[in-house]
Amino acid sequence: MKYLGSTNCYIVIGEHSNPMEILTTTIGVSTKGQGDFVDLTDKVNQCLRESKLTDGQVTIFVIGSTAGIVTFEFEPGLIKDLRNLYEKLAPRDKDYAHHQTWHDDNGSSHLRAALQGPSLTVPFSEKRLMTGTWQQIVLAEFDTSARDRKVVVQLIGK
Amino acid sequence: MKYLGSTNCYIVIGEHSNPMEILTTTIGVSTKGQGDFVDLTDKVNQCLRESKLTDGQVTIFVIGSTAGIVTFEFEPGLIKDLRNLYEKLAPRDKDYAHHQTWHDDNGSSHLRAALQGPSLTVPFSEKRLMTGTWQQIVLAEFDTSARDRKVVVQLIGK
Amino acid sequence: MKYLGSTNCYIVIGEHSNPMEILTTTIGVSTKGQGDFVDLTDKVNQCLRESKLTDGQVTIFVIGSTAGIVTFEFEPGLIKDLRNLYEKLAPRDKDYAHHQTWHDDNGSSHLRAALQGPSLTVPFSEKRLMTGTWQQIVLAEFDTSARDRKVVVQLIGK
């Protein structure tokens, strides 16, 4: 650790002499459709542990436009509360213009995904994610049917 | 591709011997004001194609506090639905405290931009964005007047 | 600066011969509880200035599941408007299922944090953040009590 002049910024990592690397992995996750949340934290940690990297950041990105990545305390109460929040923001049974385009029923899925976003970037240090104890990395399924998702886990660091 | 021990994580990239690079480009985009969405996917792909990088990630960041970057299926129905969602979240004609500060009319623009966020990070592999077929990268103009936007496209990888 | 073929993409940085680095710093920030916003822009700039990096990107990540990172024009009117927006999205006094889990009162905090997100990535060039003049980097405290926060500031670049 190195003190950075007059600020209260401390360099914790990055003084390694080995070069930076970027590693990309893809995780397959099966979901049960809208309202399903899958905790990815263990899998992200496994990817980190089995790489050679110790310090850097990981980006979690879900492929597709009807799912999102969200971080929250993964417990049943909050899962229920989040379902209610998304339903309030973009109700499932509303008559969306998107439904006319494809004769589809997942307008609410697209809107929730657009607002929540498909990716999250988390720093890690000494091979540990710098997340809080109650801060899990979660795949939020917004689509109206069960889906097989591909989630990219990309590590950048040393 | 290399199998990572006991997990279902596969290293797809990162075993290149060439060093990592970071490239920053700026794209100019003219918008028509609130409710305008501009698909940036082709331009981001062009930046990627004309760089030497094959594997890594791209960050798309819009400069300014009244626009956002959002990913969704770029079709007219959803564009209409998204306009309605943002209008519900932060109605344009509400009397915002921000209007008193600057005698301005774009309080709704600032709120929509704050919630949506100015940036998006997308992995790429073998010179292809790892996005879904229906997952475009879109500039969302929230300001109440037409604007000339600068969007940063930053590539990190090998 | 180098012109990239037929696109309107210009390489601004990245042709340095020195290798890429990643630096991680942690900033401590005391907050006053829900509705408090702390402008981190000066501290992020200090971290950047006191590093050796000139071109790259910075990720700002708040540890914990009841705070967020948001970018907006940091002025009192908008702060008031944002408080109203978050209150509308996830009212503080609602009876959340999360409250039953922990006999806690911060369900609204978790929901606001999940939706806003814990991190932000901002490009920098020539030792300057590529943000707009009215685009500050802000810690949003959503928890119902005052907190001592740790914010990770991670620089990647050359």
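We call the chains A, B and C, going by the order they appear; numbering starts again at 1 in every chain.
The rule is short, and it goes like this: a contact is a pair of C-beta atoms (placed from the backbone, for glycine too) under 8 Å apart; a residue touches a chain by one contact, two chains touch by 3 or more.
What you see is a predicted model, and the numbers here were worked out from it, not measured in a lab.
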Proportion of interface numbers common to chain B and chain C (over half same, under half different): different
Inter-copy rotation, chain A to chain C, in degrees (Cα atoms; steps of 5): 120
Centre distance in Å when chain B and chain C are each reduced to the mean of their C-alpha atoms: 16
For chain A, residues that touch 2 or more chains besides their own: 19-20, 89, 115, 117, 121, 156
Touching residues on chain B, where the partner in the complex is chain C: 19-28, 43, 46-47, 50-51, 59, 61, 63-65, 89-90, 96-102, 107, 110-111, 113-115, 117-119, 121, 152-156
Residue numbers on chain C that touch chain B, as the complex places them: 4-14, 19-20, 55-57, 70-73, 75-78, 80-82, 85, 89, 115-117, 120-123, 125, 130-132, 134-135, 156-158
